[in-house]
């Protein structure tokens, strides 16, 4: 077996995994901890991609930097979205069917609006480092994969630290387990959920900027990431960010190998296959509660 | 009205409507009507698993595509007659629904929903990579010679076929709805655990519901390659089928077969009008907005409004 | 002496390191009225869940009517003649009160009725008979989602009765009800005796348990600590310690 090909496939997988973790961390929060099935999450990622594109075209600043600066916008958007979801569905106890349809509608609307504005052509952002590849022996580290990966891992670890060390973070962990106890402590669980959900959407916005640096983006590819994001979270175990990282690595490497040895057009099937396998044999995932 | 009498009435009405419509000369009518009738089938099919049983299927395009591509395959391999295409397409789609259901319906409803979303993507990948049915380039299915049974054109004929299929779908839905199985499905939808404890074999019924629903979705797709002549992934997997299959029952009302029919007729006609007068992409946006509005503000749909009005009148 | 209907032996259920049930033995004879009591968290509902199959027990066996039902799905156990009501009522909210009962009549009751199978057409009549018994026939056409608390409890029991069970498990049907409402429920459950239906009553309201039960079993922290006549159990020092502390 060609060792260079193998090593490069592994490295590409790992680099991609970093990005995938950023995609999945939002779902890990909204679905894993808050039990909100936000299938519109990828829609916000793509929205983040286009916002980064737009500002980059206007100001010429690095898209990842843009997205971090603009993340409060997505945060607020997330708050608004959760408010509507809560008032219309969660409060009435009808989250399952109707909540799903609601988020599907939102996903759909974001996609169609982006098509109306930008059309269906692929867009990519080229940064100063897009063409650069660091080499270590036979292995290449394309910077357009490496930079998003590093920033993404920092972001995910940051969220993890936040959840474990701050009062608010622990309130989020608590809200998934015992709402009554939170109320007794004087904390409003609805507010906690709202802010946590907002956080998940903020991560989506940032992940969008990573995406458009890594690969060309068009409005419809959001749907490809749904299977991926949920596969990672289910594989890693809902509610465990550490599990999300592990799941991302497994998925990233599996997809990379599939793309390298079978062709890139089979890659979307990998996440679905892994998702189905996990659901069929170990629905709690690797590190699930 | 008993199920048997309903079936007879439905077919009589269908034949009458079809007969009347054949007097229409305008070719555009048949294209538009065909489109709307396909949606009637998809909406009715979706509602069997969605409205009756409470499980959301986001992968309608996948099962619709199975129907269409089975036809393409059979055409390329055997030049099979239409009836064979319809039966096989329905069966394959039903089996696919059964398989996905078997893997995911034992878990929470959300996992089934997510699996169906991912399934649509996978089916697209599969089709795009399969050269025998045209892959990304698409496939042509040519209708040869005159239309059978003396119809003026193939489009006329296929319109009649789809109208008959739509009637079949509605009769099947009504049959399920007003039966012991329908009560079991409603119990599952309302409270699955309580249903199990009332003796309902929930997994078995869910699988039946999934197989029927997905089979009918496949049935809706079997005549597509003949009607449009050119079958390619981008149109088959279009957003339109994905969102309409859900929006139409939700807007029309999910508790009975009437809702999807109303939703499909209203929304389908609206879309045809918008497409011709405004622009086709705006079409989808309007549908998406309507879906979100109805789901948030009028969760019982148009049928729900009607029921509420009836109840208010009683007082 | 009536035959043994339910026999749970050595039933154990743990969640990680926490043992919700630890080698619990429980026996119920045909037509017997058993009270099952114990402090909160002692495992009563867990035991019911293991008996009905909602939870899979880790060790031990459950035999019902001569069959080992340990591997059977819930609906299978129900069809053998088991029935339960839920602590927090779970009505089929979109259906009317009478339609709620038609589901168990058509599915559970029909399974072990043999020649007396209930047809779709007759299920409504049969449902009305049961509603009359529990006092809900006035509300037959109302949507079950909008009932009062006590009516919902009655509906829960009515639904369990509609399965025509041999053993009915009533899980805290009286919690939060007024004194006269409690008496209504006790009367309902006592009527089961006339039908030869065995009843396991899980309750915290002691006067109901004492009045109703022929025998009482006590759970504490997942273990059975007492099993005997109501008078014996109440006098048992272990039981007193479990409820009142050291």
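The first chain written gets the first letter, and so on, giving A, B and C; residue counts start at 1 in each chain.
Convention: a residue touches a chain if its C-beta (ideal position, glycine included) is under 8 Å from a C-beta of that chain, and two chains touch if they have at least 3 such contacts.
This one's a predicted model, so the numbers in the text were calculated from it and none came from an experiment.
Asker: Counting one step per pair of touching chains, how few steps separate subunit A from subunit B?
Answerer: Graph distance in the chain contact network comes out at 1.
Asker: What's the chain with its C-alpha centre farthest out from subunit A?
Answerer: That would be chain C.
Asker: Could you work out how far the Cα centre of subunit A sits from that of subunit B, in whole Å?
Answerer: About 32 Å, centre to centre.
Asker: Taking the mean of the C-alpha atoms as each chain's centre, how many Å separate subunit A from subunit C?
Answerer: Taking the average C-alpha coordinate of subunit A and of subunit C, the gap between them is 46 Å.
Asker: Sort out for me which residues of subunit A touch subunit B in the complex.
Answerer: So the residues of subunit A touching subunit B come out as 37, 39, 84, 88-89, 94, 96-98, 100-102, 104-106, 108-109, 111-113, 115-116, 220, 223-224, 226-227, 230-231, 234, 263, 265-266, 268-269, 271-273, 275-276, 279-280, 283.
Asker: Show me the residue ranges of subunit B that touch subunit A in the complex, using the header's touch definition.
Answerer: 50, 54, 56, 58, 103-104, 107, 109-111, 113-115, 117-122, 124-126, 128-129, 239, 242-243, 246-247, 250, 281-282, 284-285, 288-289, 291-292, 295-297, 299
Asker: Using the touch definition from the top, list the residues of subunit C that touch subunit B in their complex.
Answerer: For this pair, the touching residues of subunit C are 52, 54, 73-75, 78-79, 83-84, 86, 90-95, 99, 102-104, 106-109, 111, 120, 159, 162-163.
Asker: How about subunit B: which of its residues touch subunit C in the complex?
Answerer: Residues 179-180, 183-184, 186-187, 189-191, 193-203, 255.
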